[in-house]
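Please find one structure pasted underneath; my questions will follow.
Note that the chains take the letters A, B, C and D in the order they are written out, and that residue 1 is the start of every chain.
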Amino acid sequence: MSDVNAILLLSCPDCKGLVARISDFIFRFDGNIVHADQYTAKAEKLFFMRVEWELNGFALDREEIPVAFAPLAKQYRMKWALHFTDYRPRVAIFVSKHLHCLHDLILRRDMGELAADVAAVISNHEEARDLTEQFGMKYFHFPVTGKNKKQQEKKELALLKELKIDLVVLARYMQILSGSFLKYYPDRIINIHHSFLPAFAGSNPYQQAYDRGVKIIGATGHYVTAQLDEGPIIAQDVVKISHRDAVPDIQRKSKDLERIVLARALRLHLENRILVYGSKTIVFE
Amino acid sequence: MSDVNAILLLSCPDCKGLVARISDFIFRFDGNIVHADQYTAKAEKLFFMRVEWELNGFALDREEIPVAFAPLAKQYRMKWALHFTDYRPRVAIFVSKHLHCLHDLILRRDMGELAADVAAVISNHEEARDLTEQFGMKYFHFPVTGKNKKQQEKKELALLKELKIDLVVLARYMQILSGSFLKYYPDRIINIHHSFLPAFAGSNPYQQAYDRGVKIIGATGHYVTAQLDEGPIIAQDVVKISHRDAVPDIQRKSKDLERIVLARALRLHLENRILVYGSKTIVFE
Amino acid sequence: MSDVNAILLLSCPDCKGLVARISDFIFRFDGNIVHADQYTAKAEKLFFMRVEWELNGFALDREEIPVAFAPLAKQYRMKWALHFTDYRPRVAIFVSKHLHCLHDLILRRDMGELAADVAAVISNHEEARDLTEQFGMKYFHFPVTGKNKKQQEKKELALLKELKIDLVVLARYMQILSGSFLKYYPDRIINIHHSFLPAFAGSNPYQQAYDRGVKIIGATGHYVTAQLDEGPIIAQDVVKISHRDAVPDIQRKSKDLERIVLARALRLHLENRILVYGSKTIVFE
Amino acid sequence: MSDVNAILLLSCPDCKGLVARISDFIFRFDGNIVHADQYTAKAEKLFFMRVEWELNGFALDREEIPVAFAPLAKQYRMKWALHFTDYRPRVAIFVSKHLHCLHDLILRRDMGELAADVAAVISNHEEARDLTEQFGMKYFHFPVTGKNKKQQEKKELALLKELKIDLVVLARYMQILSGSFLKYYPDRIINIHHSFLPAFAGSNPYQQAYDRGVKIIGATGHYVTAQLDEGPIIAQDVVKISHRDAVPDIQRKSKDLERIVLARALRLHLENRILVYGSKTIVFE
């Protein structure tokens, strides 16, 4: 237990004394803060905070913390969540035929970089099965047609529930998830879009970028909402291209971006550094 | 004359032997090629080339070159243009109230970085007059209203003609030029747009970027066409932002980008490195 | 007074309760924190913090704040400094013959981006006089030879004292300041070095970069210490080059970098976002 | 054969007519040039060229090309090499305990991005065996001690010869290869160094970067020469860090860089885009 930290993520209407009250709460029970960051959205008069402290030496047990904190949270009308750094979230990776993001996540898992357990790889195709099983992960095939989509989503949801999935990662999954699926995982489905959103939303952004003649392409990691490609953006990055880059070159360059941006978005989520706020994110790095 | 080079920019239907025929033309008259670059657009079967050679030791006078080259150009149905590196293009800078791009161009002019003469600064406002005149350049004020726009554009065109302007630079000029203006300067009007096009075209891209919650903003230097913000892109660059960046911060960061991207686009044009091709550019760097 | 904030920058041995005690101090006197950031250097067990709050509504007058805070500071053995956002530091810019950084700072001053007063431009040459005086700033010429260097530094120090200079900016000043000069402005002299330090320290980094054949060049803004080019780094940035870039191209590209990096380092200092710690900086952005 | 191209890489003393003579050679035998790029090193009066043309329709067979080109090459004292795009170079990857670069190359091989055959993975440790064999490649273990190093290098050389290896890739191989090894693969051993060379050459660049307090870290792909970390640089890239990044964070960020930079350097080599010139490279992208 010695190295475990508690992380409190919260938002509430802005008022004086919030930092003082929250840090005092931790101090009162002998907690040592190792990271504290806050942000005030002036226009909306909203306060956001992330505070992380050591459980080692803290006077409260894990289960006691929410009980002790609840009165303060209520007083200031906070939305809040409490996390512990030794909890390994259970992740389901959705993928279709392009395997570079999946493969990259496997590489990071092998290097111990992924602070999560990959409980399932789910696909509407079979391309990713060998790779998945080779690395000892479970593969689930849900072929999707226009007709069976609703049914398949239900089965997928049942599976996610059974596997106690905390987070869904769309690692180049080429199906659009319906609103009735999304509502079960608000701010807990991360997608990688292969363009610099909002430019080139929708299908085939490589071709769109080529046709427009841009000199830079990008990739975007974001939470998925019912508005396709309009969810809160977590991370973006870009790379330069020139007139010499045909669509396959753009694809090759983009794939490196997609891997890195998805991994960054995922890490920020797993480290509980993100607060969603309207259609935007606050990322406490 | 010893240091002057000739630059040939050309495009034509692709066929075998083009590089050989063109380089042989220069070799036959004892020219020393210092830079040659070519590109073939496969789908459209079009060939593009930029070749630069020393006039020093070249057997043809400047006036003789076009005459001697014409038969070859005709045979291969080339569109072509011949430039000399000692010609200083005459530039008119259009500006409104934001002066950072104008000021930056002045800085570069002072450092000897701008291979052009600024023959006029033209504005629909008076904000830039002092700065312009302080550095010894001519200032022309053409206030624009909904009613007088057509007339003012005519006067501006007359002035550009009188001043023998080669290139128009829109250094944050907040008026939309009409098609009847643009047709006189095809591929010779460069605009800086303060977003990463095609994202956030139109007005107030800073606010648009803030509202969307992007994590990177950009700037785009492009030729102006009748389709606003859709002209061929010459140069783009980006900078990271975070949730902490309010609209004024985005503006501050963007202004640095705009200066650098406009200067880069302008330099590429002045060095005759750009061929326009449909709605895209080929940039021979 | 309504928009003025107080900023407290502090460091001390790490212990529990620091965030709580400091934020409570502000809360007790009815202060509204608008920005708080802290960092703990684990190995050295040192705590660093920047906290900014509104004076509007704060129960203490400016002069009362240090008095009220002193006991807390003493208890925790803090090094600390208090700043107010309406104070405009008085800056002296040192420059030699390359004027791009000076000119860039003038541009930013004109745009209202520079939260400081340029009280003097000081040079060992005359190249910058016209530009300086043209923009209404005072120019002081201290020619430096091997022999008179010590004397000239004394005169410069006397001038800086007379002008109540808070911060010295070396905007491509090509003289090395002696240790006896530096000791009067610890962590208050910012230099721009035209390389990506520690690579290419010393003279002519453009040529060094060319000779080594690097594919990226950089610029570094840092505090000046007695060890040349080894002071704490505040900001760095880079740009790509290729084999085509000869030394003048490297210089041209670098100059854009130098302007931006120096401006960034200066802004971070002026906004009181930097704490120096050994040979390193903590930058609370 | 229809899609195969020939690539000629050459250098020689600069003189007039080189582009014309070389392109005429290709035209004379009915070749269609798809890419031509040249560069002249002014100071050294050296000419460098890369020209690529379609074998389809070319009048000479592969074997005839060198014979036909030799007289021209001799006349102009060219160093030259002829490559064909359907040849898959045979690569040996050397690795020690850090597997991210190896794993990344495997990923690219699986995606069809690697235009080469990995004929061997060679290591002084056993860490990479499982991964290597899992993906159907051959693993060779040569443990190295101070005493047996010379002998092991001999065995490695014998193996490379037996396997007809064209290119050696040091994918985080932590042994220094002796000069007697290196001489067999001039400009054919690519190393990835985990710093922005020439900064932080030698061992533990992560720690060096942390200690110096730089704000940006980098990675460098270069050819290996007898002067450690001083070989010709092929590719570099960088990523920002802050005071919050401890050595493990620097390592994590750097690993992404190393993968991308090594893959880029390798691709440039495999596409025959690099000419080495003194301690520098010319990269025809």
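Basically, a residue touches a chain if its C-beta (ideal position, glycine included) is under 8 Å from a C-beta of that chain, and two chains touch if they have at least 3 such contacts.
Just so it is clear, the model here is predicted, and its values are computed rather than measured.
**Q** Find out how few touching-chain steps suffice to connect chain A with chain D.
**A** Minimal hop count between chain A and chain D: 1.
**Q** Quick check for the class: compute each chain's Cα centroid; which one is farthest from the centroid of chain B?
**A** Looking at centroid distances, A is the chain farthest away.
**Q** From the C-alpha centre of chain A to that of chain B, how far is it in Å?
**A** Roughly 42 Å, centre to centre.
**Q** Need the CA-centroid distance for the pair chain B / chain D, whole Å please.
**A** Chain centres of chain B and chain D, defined by C-alpha means, are spaced 37 Å apart.
**Q** Going by the contact rule already set, what residues in chain B reach two or more other chains?
**A** Residue numbers touching two or more other chains: 244, 285.
**Q** Help me check something: in the complex, which residues belonging to chain B touch chain C?
**A** It comes out as residues 99-100, 103-104, 107, 110-111, 113, 131, 134, 244, 252, 255-256, 260, 263, 285.
**Q** Give the list of chain D residues in touch with chain B in this complex.
**A** So the residues of chain D touching chain B come out as 16-21, 23-24, 26-28, 30-38, 40, 57.
**Q** Touching chain C in the complex: which residues of chain D?
**A** Going by the criterion above, the answer is residues 39, 42, 196-200, 212-216, 218, 232-238, 242-244, 246, 279-283, 285.
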